[in-house]
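Chain IDs A, B, C and D follow the sequence of writing; residue 1 opens each chain.
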Amino acid sequence: MKEKDQHKDVLVIGAGIAGIEASLLLSKADRKVHLIEKTSYTGGTVIKFEEVFSNMECSTCMVAPIQQDLLQDKNINLITLAEVEEVKGSTGNFNVKINKKARYVDMQNCIGCNACFEPCPVSLKNEFEEGLSERKAIYVPCAGALPNVPMIDTEHCLRFNGKKDCKACQEACMFEAIDFNQKDQKIELNVGSILAATGFKTFDLKKLSQYGYGKVDDVYSAFEFERLYASNGPTEGKIVLKNNKAPQSVAIIHCAGRSEKGYCSSVCCMYSVKFGHYLKSKIPDIKISDLYTDLCIPGKSHQKFYEKLKETNVNMIRSSDIEIKKQGKGISIKYNNGNGKKDNLQVDMVIIAPAIEPRDENSNLAKTLGISVDEYGFLEEQKNNVSSVITSKPGIFIAGCVQGPKNIQESVSQASAAVGKILSLSN
Amino acid sequence: MSQPEEKNKSTVISVKKDLNTAIIDFLKEGIDKQVFDDVIIPMRVPAKDSFAYVLVRNKSILNDGFFLPPVMPVQGGRMVSSVTRLGKKDKKTAIIMRPCETRATIELAKLGQTNLDNLILISMDCPGVMPISDFLKDTNKQLKNFEDSANNLDDKIMRPVCQICDKSSMISGDLHIGTLGAKKGSFYLISNSEKGNELIEKMGLKQNENINSWKEKVKKISEEKKKKRINKNKELKKKIGGLDNLTDAFGKCINCHNCMSVCPVCFCRLCYFESDKVKQPSDDYLSRAKSKGSIRFLPDTMLFHIGRMEHMSLSCVSCGACEDVCPVDIPIAQIFTMIADETQGLFDYVSGRSLDEPIPFVAYKEEELTDMEDSND
Amino acid sequence: MTEKFEPRIVGFLCNWCSYAGADLAGTSKLNVPSSLTPIRVMCSSRVDPVLVTTAFLRGADGVLIAGCHPGDCHYEKGNYYARRRFAVLKKVVEGLGLESDRLRLSWISASEGQRFADVVKEFNEKVKKMGPNPIKKNKSL
Amino acid sequence: MESKIGVYICECGPNISEKVDIDKVIDAVKDLEGVAVVERYKLLCSEDGKKFLVEQIKKHGLTHLVIAACSPRDHEKTFREVCENAGINPFLFQLANIREQCAWITDDKDEATKKSIRLTKAAIRRVRYHTSLEKKEIEGNPDVLVIGGGIAGIETSLQLASPVRKVYLVEKTSSLGGLINTFEKIYPNMELGSDLIKQKNLEIEKNENIKVFTETEVEKVVGFLGNFEVTVKKTSQDNSSQDFNVGAIVLATGSRLFDPKLTPQYGYGKLDNVITSLEFEKMNLSGKISLKNGKSPATIAIINCVGRDKKGYCSEICCMYSLKFIRYLKEKISNIKVTNFYSDLCIPGKRQQKFYEETKGKNIDFVRSKDIEVNKKADKLEIKYKDENGSKKNLSADMVILAPAVEPTIDASKIAEITSISQGNGGFFAEEHEKLAPISTSTEGVYIAGCAHGPKNIFDSITQAEAASGKILTSLIPGRKIEPEIKVSHISESLCIGCKTCLTVCSYGAISFDEAKKISVVNEVICRGCGNCVAACPSGAANIKHFTFNQLYQEIMEAIQ
């Protein structure tokens, strides 16, 4: 195909760490980027973390600057609350239809003062906080979210679900930012290439009744625990039990759902070690037991991080057939230890590391993009090709956990790899 | 206090006439055997009322060498720096200085102000020096006076910082002339480096590893002085510590900056505190005078002294040069010593002890000084 | 002085972590004593001891230096050097018997809005107890 | 020219106007020196607000702009653009953060107002000391030097080479391909290694924009992003060096195996038929897996994690290639018995566990074990080990294959020095940032790809190669100039005495030493403007634009009023 009839613009799907990295790089190369994001905010999963392994850097400090760059970047057209509906054409010349939900808050007028939250009569569990705290029907997921512009949750807003002609938020806003008449939009874009970076979801622990998740108090999923530790989270970083006491003993269960999924999610061992560091930093004399199968800490920096935790004598138990039950005030864990003998453990809190799995919408997304998903449901890199970011369809690329479980570093590498591929298309 | 490791050589040199002559002969021999080409040594100035360092190429002039002069008109560190700052000497030069001067030289080498190539630094056990002002009252009498005290290891007449110097025999150069604990009519020549070893070999001196008598004596003295130093620091802090005492102590200061100009480790081309950075337009002074009622001129005297402590106390060798030249008798060397012990203590750093110890400002440990910060409590 | 003492605290905040943390305290509408005037620098390692001493000698009741937590420096290792310089500065001030408690070094991350508020509150209280910096009225300075 | 400062206070709707008595602020600052006009406005960041500001600047002929509004992190950029549009230098502007730092942190209006006054005055005092700063632009050479002709180096070269971008690929040995040359197959898809390398070699030959140097080493590198001067030298004949210029450098120098002789318990080098994984790959590739005595082995033991304790990291690939070896063996020696001694099975990612499941089976044992020892017993090898329960066991085998740790190549430290980057964990090249910048290094323009960065498999190496290309394609675009940071350090030639303190503390090698003048010099292209050198300089020779002593001093003086 000749250079001139090639579209240079790029569509990036997903404003998580991979999508952000890719967009900024492309912009740096003077490419126009349309970055579409399903939620109302950027940063994806990474902004849920307080710190990241293995240097325990503050995650917000790490990501906020590039989120700011993203918002101020003239080459990047960020479209939040949006999803791809249809993709036509071929590499160098894709026609994309996007469905953009109304935010009902004007991005230009809103200055992020949050005055609209307080008067809102509705309150419900905040999904971003894994339901550990409440939000209003008009809300931002967490303090410091970027863009710092709220959205109206039409499902719960009294006005939109027809319960009441409520204008509370509109009246509270001094900037005419709240616009109930906003409509969902169909946006049509022409781009030369497309990068899918829509991330992952975690395995539903309720499917594993033996872990007592959702039934037994103080049994948390890893991501709930991240928020529990987050200084901008529901407890401002205080690690507490339901009874508001600090736990004296915690068990971290690895590999939840591994056998169901048939692969190792590759990040759980490391973030479990990170949790160990979290816990020790807040409650130095806490007893930590890790129930794991195989310790997967590959690479040059990770074992060091693990050994540092080991010095604080964390109890590493190789185990199987784990069963978690409420017992008295605490939680009892039955398991088979490495030697196949039955054993058990009493703790105040349990943290479970669920497998990383594909998003439900992957298969649809794949269909829309005209590429395939692999046997696990992740978007598939082109078969018998050595590159992990190009797909069976020219001009369509993938990066981050949409392609398979990986850590931040690998996601970022893939993002710039995909950018490399995109830029060398017309090279 | 660093001691020569066993791998380093040491030897005994016998003294026929007196120590001074013995050292002169040693230097002559060194030139004859081409171990070095020239020497820098202290000499008495013709007017006899002071001493100066002299670079000597002509052997006969060596006879005027006067080691361990009673005063320190110029700090050896400054001198060596002025010779080598812009590049190494092409000829090999032996330099005999006091330990604090050698340490200043090492410190300046770390700061790129001295080039040690082709230099052989030789230090000597130092009895201290007397205040220049005292010496000038009656040079001949005071010289005699100094020599007697030196021989009896009596430091009453020495400068206050010398009286509390616990590093008066510290070896940080290539060689050290140890007189303490040496048998009558002899002194030790102790090597502290490859250069030193080489010199002892080339001069064909027979080696004698045993310098224990020197070590013991040195240990004893430095321990006594250390105790004294700690107490003196305490006393001084009582005397000048606290805002009011401090402003009194420095109230006399006339901003002549002599202390800075003679300081061996104050190596800046233009002192920060003489630069325009710290000067302000007059409205600044006026508004401050307004809010305060008055401000003192010349301004920022205290900033100058505290700032110098922040910049230089890590490298301070307590040589006392600053105090010697203070026209208004501020115990500046004692104050610097008190502060330097604090700041160097933070990193158990000893200025000029070894070339291998980086100045703490250019290094760090990931986990240190946690009592200085407050992280997540 | 009769009227109640409102300290004047100079706060050097690094752009990437601590200033962001301070902003988060604002956006979260937390109460922060207004005695601290934030001065933005790109890195805590820019904060020259002389700058701090100047503030102190000009009568600042407190000086706070805040930067990224060790290991998190946006410029790799700036805060490690900042910490050493601060340590020397503090020792000098302390060694001269001046009120070194008026100088403080804190690590505050971009997500620690609450911590920023707490640090300032705490420091403000401490300085209040200490009273005005006597240097303010010292004629011979 | 006398300065005319315009001061504009943003009401930010109720956010500031309700919490701060703006009129009081206006009164407090209107008479300050240099202040030409003070105004309040509903919302300065709005389109109308920006238009208003531009008009004001032009109308009053303002020289400086002070805005009291929100955090500079929100709108400094916005208002700098306003300055540019109004024709004043964007750095003659200062933003006072009276929203986040005043209005929003207290309910006491009086307090908020007082503090707002302080911050606004500080901004006014500061802005007087601002100087215009201009964007710099420098030419950048788009060509690239790739060091190492393994798969990472090959991929990088292929992706970067183009009519507008020459690639110099420098390889120590006599041929390209690196370790893969010795692999029969590549897991998990088990395609032929030879095919991959053949194909890649072909592509390289075809590509006239790649200049390959074999048996060549890099001698010298001087310069910075966009402007590196490189000297390479033939390893064979001496003094046959060659110079060329590039804009970026990719380090793809790969890895080598830990020497098992350093862990004598495995008997490597002493006992026959104890071989390393690489030796086994070669043997397998040669087509005949056989013992010293020529017989083919019936029982084989594979021992993982050799040297792991010594190195202190998991080498990531050993578990997987051990599985691959088992596949080789099953395929080539009927009813071979293989025992794989491992400590933790490390098979991360979506594809690898399946590979493991499909490798398990009859005559294949996986034994989790420790304290392994290999000795000779009769004409066989005896492996002593402790199993999971810590009970001593032993097993006899004809052949033992060791999977030693992956470590950096011998010349890693030399290359690190030449390119002035540092070596991190395990001696591998240190990335700029573990998470967000795994490909770049502390020397801008020098990138890492493949095992030079740390142990990794072929796919991850290739991803990194592509990523390095991505970085270069975005930062070095033919015909486009490089725009370095504007707020950088500067060292006064007349004040610097050459103590090199600044040079030592700089994280980016942005400061070099001029031996002739005996002073330190900042390379403004490399400097990132942290100001560390400024605080480090005892003589005040170093200063940083836009954060000068005097600018900060003005803020301090207002802060303590």
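Here is the rule we go by: a contact is a pair of C-beta atoms (placed from the backbone, for glycine too) under 8 Å apart; a residue touches a chain by one contact, two chains touch by 3 or more.
Predicted model, so just to flag it, every value in this text is computed and none were measured.
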>> Suppose chain centres are the mean of their C-alpha atoms. Which chain sits farthest from subunit D?
In response: B
> Going by C-alpha centres, which chain is most central here?
Replying inline: D
> Looking at every pair of chains, which two share the most C-beta contact pairs?
Replying inline: A-D
> Whole-Å distance, subunit C centre to subunit D centre, using C-alpha means?
Replying inline: 32
> How many angstrom between the C-alpha centroids of subunit C and subunit B?
Replying inline: 36
> What is the distance in Å between the mean C-alpha positions of subunit A and subunit B?
Replying inline: 62
> Just curious, how far off is subunit D from subunit B if you go by their C-alpha centres, in Å?
Replying inline: 45
>> If a residue has to touch 2 or more other chains to count, which residues of subunit D qualify?
In response: 73, 505, 536, 549, 553, 557, 561
> Considering subunit B alone, which of its residues make contact with at least two other chains?
Replying inline: 272, 291, 311, 361, 376
> Got the subunit A residues that touch at least 2 other chains?
Replying inline: 55, 57, 62
> Which pairs of chains touch one another in this structure?
Replying inline: A-C, A-D, B-C, B-D, C-D
> Across the complex, what residues on subunit B touch subunit C?
Replying inline: 237, 240-243, 245-248, 251, 272, 278, 288, 291-296, 300-303, 306-307, 309-311, 313-314, 335, 338-339, 342-343, 346-347, 360-361, 363-369, 372-376
> Which of the residues in subunit C end up touching subunit A in this complex?
Replying inline: 16-17, 20, 24, 27-29, 68-69, 71-72, 74, 109-115
>> With touch defined as at the start, can you tell me which subunit D residues reach subunit A in the complex?
In response: 12-15, 43, 45-47, 70, 73, 77, 151, 155, 159-160, 162, 165, 189, 191, 196, 312-316, 344-354, 357, 368, 388-389, 424-426, 428, 434-439, 453-456, 458-460, 462-471, 473-475, 477, 480
> Which of the residues in subunit C come into contact with subunit D in the complex?
Replying inline: 8-10, 15, 19-20, 22-23, 25-27, 29-34, 37-43, 45-51, 54-55, 58-61, 74-78, 81-82, 85, 117
> In the complex formed with subunit C, which residues of subunit A make contact?
Replying inline: 50, 55-62, 64-65, 112, 114, 143-144, 148, 230-232, 236-237
